[in-house]
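In the two complexes below, subunit A is the common chain; its partner is subunit B in one and subunit C in the other.
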Partner chain A sequence: MDLETVKERAGPRQFAPKDDMPEEYRKAATRMIQFHANSEVMGGYLEKPFIRQAPSIDRKLAFSAKVQDEIGHAQLLYRAAESLGVKTRDEMLDELARGDGKFLNCFHYPMESWHEVPMIAFFVDGAAMHRQATLKNTSWTPYAHAMDKVCFEEGFHVKHGESMLSELMNGSKATQEKTQAAFETWWPRIIQFFGPTNDKSVHNDFAQEVGLKTKSNDELRDTFLDTYVPKAEKYGLVVPEYPRIEYDEELDTYHVNEDDLNWDEFWTIAKNASEGSHEQINSRAQAQEAVEWVRESMHGWEGASGAGTPQAAD
Partner chain B sequence: MPATLNPEDLDAEQRAALEELLFRLADDEYVHGERLIEWQIYAPTLESDLALANVAQDEFGHARLWYDLLEELGHTEAELIWERPADEFRHATLVELPFAEGDWADVVLRSYLYDAAERLRLDALVDTSYAPLADRVGKVLSEERYHLENAQSWLDRLAEGDSRDRVQDALDRLFPHALSLFAEPEHEAAIVDNGFRTMSTADLRIEWLETVIPYLESLGLDVPEPDEVERPSARGRDGTHTDHWDELAAEFRRTYDELEAPEPARIGRERV
Partner chain C sequence: MIWEVFRQDKPGAYHKHCGNVHAPDRELALQFAAVQHGRRMKTHSLWVVPHDEIGEIDADETSFGGTTDKTYRWATSYTDIEPAAPEVAESEAEQADVEKSLEADS
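== the complex of A and B ==
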């Protein structure tokens, strides 16, 4: 199929592995899905310490299940990315370990206290849900299928994140203040989750033309703000003065003043070049390197059935 | 004999005996889960990560079941987990030991030793006289069977080839701690006489040794002689623990302490 045909036919779940897709499409789709899969792994990495630090046994269980779900999503997404025939899963995981794999800006920052947890578990996950819901209509069918399951599970995560935020904002005055401070730190990063504004985005136009994306960064960011500004306020959080968020009465939508955001920081992170990028990529890589001997042993077992590569029980 | 005893039927001695039995069950599962989650994100493959996370959540789920039974006897979650002095936890030292980085042989072997013991212990509770316990054993036992199978199929593979030395190292290190699983409870006589458990701890120990030793030897591993092995001074069951335990307890209570002792949140279920 040539690129012109792809653009003509582009629509929800239009293309599948049986189709002969042009290289440009396969590469763009791989880049996008690999980024998504990497983000699941690195998000899980960031949240993992809080399984231990959760302040109730129910929250501990829910948080452990959440980190497990992120790995499950990564597994699904790497499979969807592999179906494009550009890279294998091992290649993509190696790239992540080497620091060449890209992932969401928010997961490049360290997370140190429980007050920060809902910033990821409610707002970032909420933003992710918002974006992923539109990707159920992506043109690459295996990606859309993965989104069906991911969105279903993320719904529970966001609910849990909301309940954590609510608990903190009903806590002591000191707890509320620390949560507000965490919100102020994370809020600009959360807005940047949706990527650069349309005019600065390198990949946006092509991805939309071939139906990989169905909404632009700007559209997604605006509609996210429409839902989450009121939610933040409902729990007593005060949206910081900067970046300025303006309400457009004519279009009935919120809009951020892009110039108030730190785009140098964003682009540094996009190159995996921030301090947090190094810290998080390298410690994960080190842990993976430490079990290389297990993977090597496993190569000798291939073809054997059973739990050498155990599947989840349910 | 059907389980007939309920919380309101217990006298002081029966209650103390039952609590001792429940604390061991709950603390073992909780602390084992707490160590297993260290492998989430770090397991060798995405598939083994998922399987391990499943097991860790089962353990936390079982711990919660057993702590719930203690709540029925009048304790609160705060007392049971978040505020209990660290030296009142009754888990065996086997489950509190930290993992060396990348030591997948440890997690596999530790899980095997523990799951084999857990299975025998639960089998001896199927016909318990305490009704709330009898109601829950079946579900836990079915999940523990899967854990044991998972651990064994890993062990079967890892005990072959170059990785066997790592398994042997883990066995030498962990076996003395595993023996503490079977330290006799203070209220052993009351536990057995009242039918809370239908097998004595001494018999459980023998059965466990008769299970694990032949199996490990069949994999070509050298199992230390149980009665000659040098035992660690900390035994866990009596409240003595290794230094790692204080550190672990402080870590998992960090948020609880920082938030100034909130009522532990429940998700989708009522407080008993």
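== the complex of A and C ==
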């Protein structure tokens, strides 16, 4: 299929592994899904240490279930990415361990206290789900199918994340202040989740033209703010003065003043070059190395039992 | 040789198991599947898979999802939280449907 035909036919779940897709499409889709899969891994690893810090047994159960879900989402997404025939799962995991694999800006920052956890578990997950819901209509069918299951599970994550936030903001004054401080630290990063404005985005146009994405960075960021600014305020969080968030009465939507955000930091992170990037990537790489023996053992088993070699059709 | 047949009714949908056919090889299995399972039902694509290649585990052998209380995994359990956004409400509604079907079977 040539690129013109792809653009003509682009629509929800229009293309499948059986279709002969041009290289440009397969590469763009791989880049996007690999980024998404890497982000699930890195988010899961950032949250994992906080299972131990959960303040109650209910939170511990729910939060460990959530981390387990995120790693499961990574598995689904690496499969969807592999189905494009550009890279294998092993290649993508190696790239992540080497520091070549790219992932979401928010997961390049260290997280130090439980007060920060709902910043990820509610706001970042809420932002992710807001984007993922639109990706149910992506043109690459295996990606859309992964999104069906991911979105099914994320409803629990976002509601539980909000429940954590609600608990903290109904706690002591000191707890509320620490949560507010965490919010102020994380808020600009959360807004940058949606990436640069459309005019600065490198991949946006092509991804939309071939139906991989259905909404632009700007549209998603604005509608996210419309929903989550009132939510933050409901729990008594004060939205920081900067970056300036303006309400556009004509369009009935919020806009962020892009110039108030630290884009140098964002682009450093996008190159995996911040101090936090190195920390997060290295700790993940160590974890991957520590369980190398499990993969080795499974590979040995695969060869020994003959699985993977299809039997003759006789 | 038995081949299990999976039918997809339209592009982008899931291939769902719809039956099986006898055939000596993959090519004929596809032809028989097209005739037997794609003749009347709306069909966009069919998969055939050798029956022997399918692994199975059933409810007699394992307790799917475990036996402990896992209500904390369900969005519906957090009753004091209003879904933050339409996509959260949609996810919760999907979960509520599954929970209903689980209750109906037990």
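Here is the rule we go by: the second predicted complex is superposed on the first by the 301 of 314 C-alpha atoms of A that agree within 3 Å, B and C clash if a C-alpha of one lies under 4 Å from a C-alpha of the other, contacts with A are read in each partner's own complex, and residues count from 1 in each chain.
FYI, contacts are C-beta pairs under 8 Å (C-beta built on N, C-alpha and C of every residue); 3 or more make two chains touch, one makes a residue touch a chain.
Predicted model, so just to flag it, every value in this text is computed and none were measured.
Peer 1: Residues of subunit A touched by subunit B versus by subunit C: which partner has the larger set?
Peer 2: Greater contact footprint in residues on subunit A: B.
Peer 1: When the two structures are overlaid on chain A, which partner does A:Ala65 contact: first (subunit B), second (subunit C), both, or neither?
Peer 2: In the superposed model, A:Ala65 contacts both subunit B and subunit C.
Peer 1: Where does A:His160 make contact in the superposed view: on subunit B (first), on subunit C (second), on both, or on neither?
Peer 2: It touches subunit B and subunit C both.
Peer 1: If you stack the two complexes on chain A, which partner ends up touching A:Phe152: first (subunit B), second (subunit C), both, or neither?
Peer 2: In the superposition, A:Phe152 touches subunit C alone.
Peer 1: Under the stated touch criterion, which partner chain does A:Leu251 make contact with: subunit B (first), subunit C (second), both, or neither?
Peer 2: It touches nothing on subunit B or subunit C.
Peer 1: Scan A:Ser56 for contacts with subunit B and subunit C and give back first, second, both or neither.
Peer 2: first
Peer 1: Quick one: classify A:Tyr228 as touching subunit B (first), subunit C (second), both or neither.
Peer 2: After superposing on A, A:Tyr228 lies in contact with subunit C but is clear of subunit B.
Peer 1: Counting contacts the way the document defines them, which residues of subunit A are shared by the two interfaces, the one with subunit B and the one with subunit C?
Peer 2: 58, 61-62, 65, 160, 163, 310-311, 313-314
Peer 1: For a test of understanding, state which residues of subunit C touch subunit A in their complex under the given definition.
Peer 2: 1, 11-14, 24-26, 45, 50, 52-53, 70, 72-75, 78, 80-81, 83-92, 94-95
Peer 1: Within the complex, which stretch of subunit A touches subunit C?
Peer 2: 12-14, 16, 18, 58, 61-62, 65, 122, 126, 129-130, 132-133, 141, 144-145, 151-156, 158-160, 162-163, 166, 227-228, 231, 310-311, 313-314
Peer 1: Touching subunit A in the complex: which residues of subunit B?
Peer 2: These residues of subunit B touch subunit A: 30, 34, 37, 40-51, 53-54, 56-57, 60-61, 63-64, 67, 77, 81-82, 101-102, 104, 146, 149-150, 153-154, 157-158, 160-163, 166, 251-252, 254-256, 258-260, 262, 264-269.
Peer 1: List the residues on subunit A that touch subunit B in their complex, please.
Peer 2: Checking each residue of subunit A against subunit B gives 41, 44-45, 48, 50-62, 64-65, 67-68, 71-72, 74-75, 78, 113-114, 160, 163, 167-168, 171-172, 174-175, 284, 286-291, 293-295, 297-298, 300-301, 304, 306-314.
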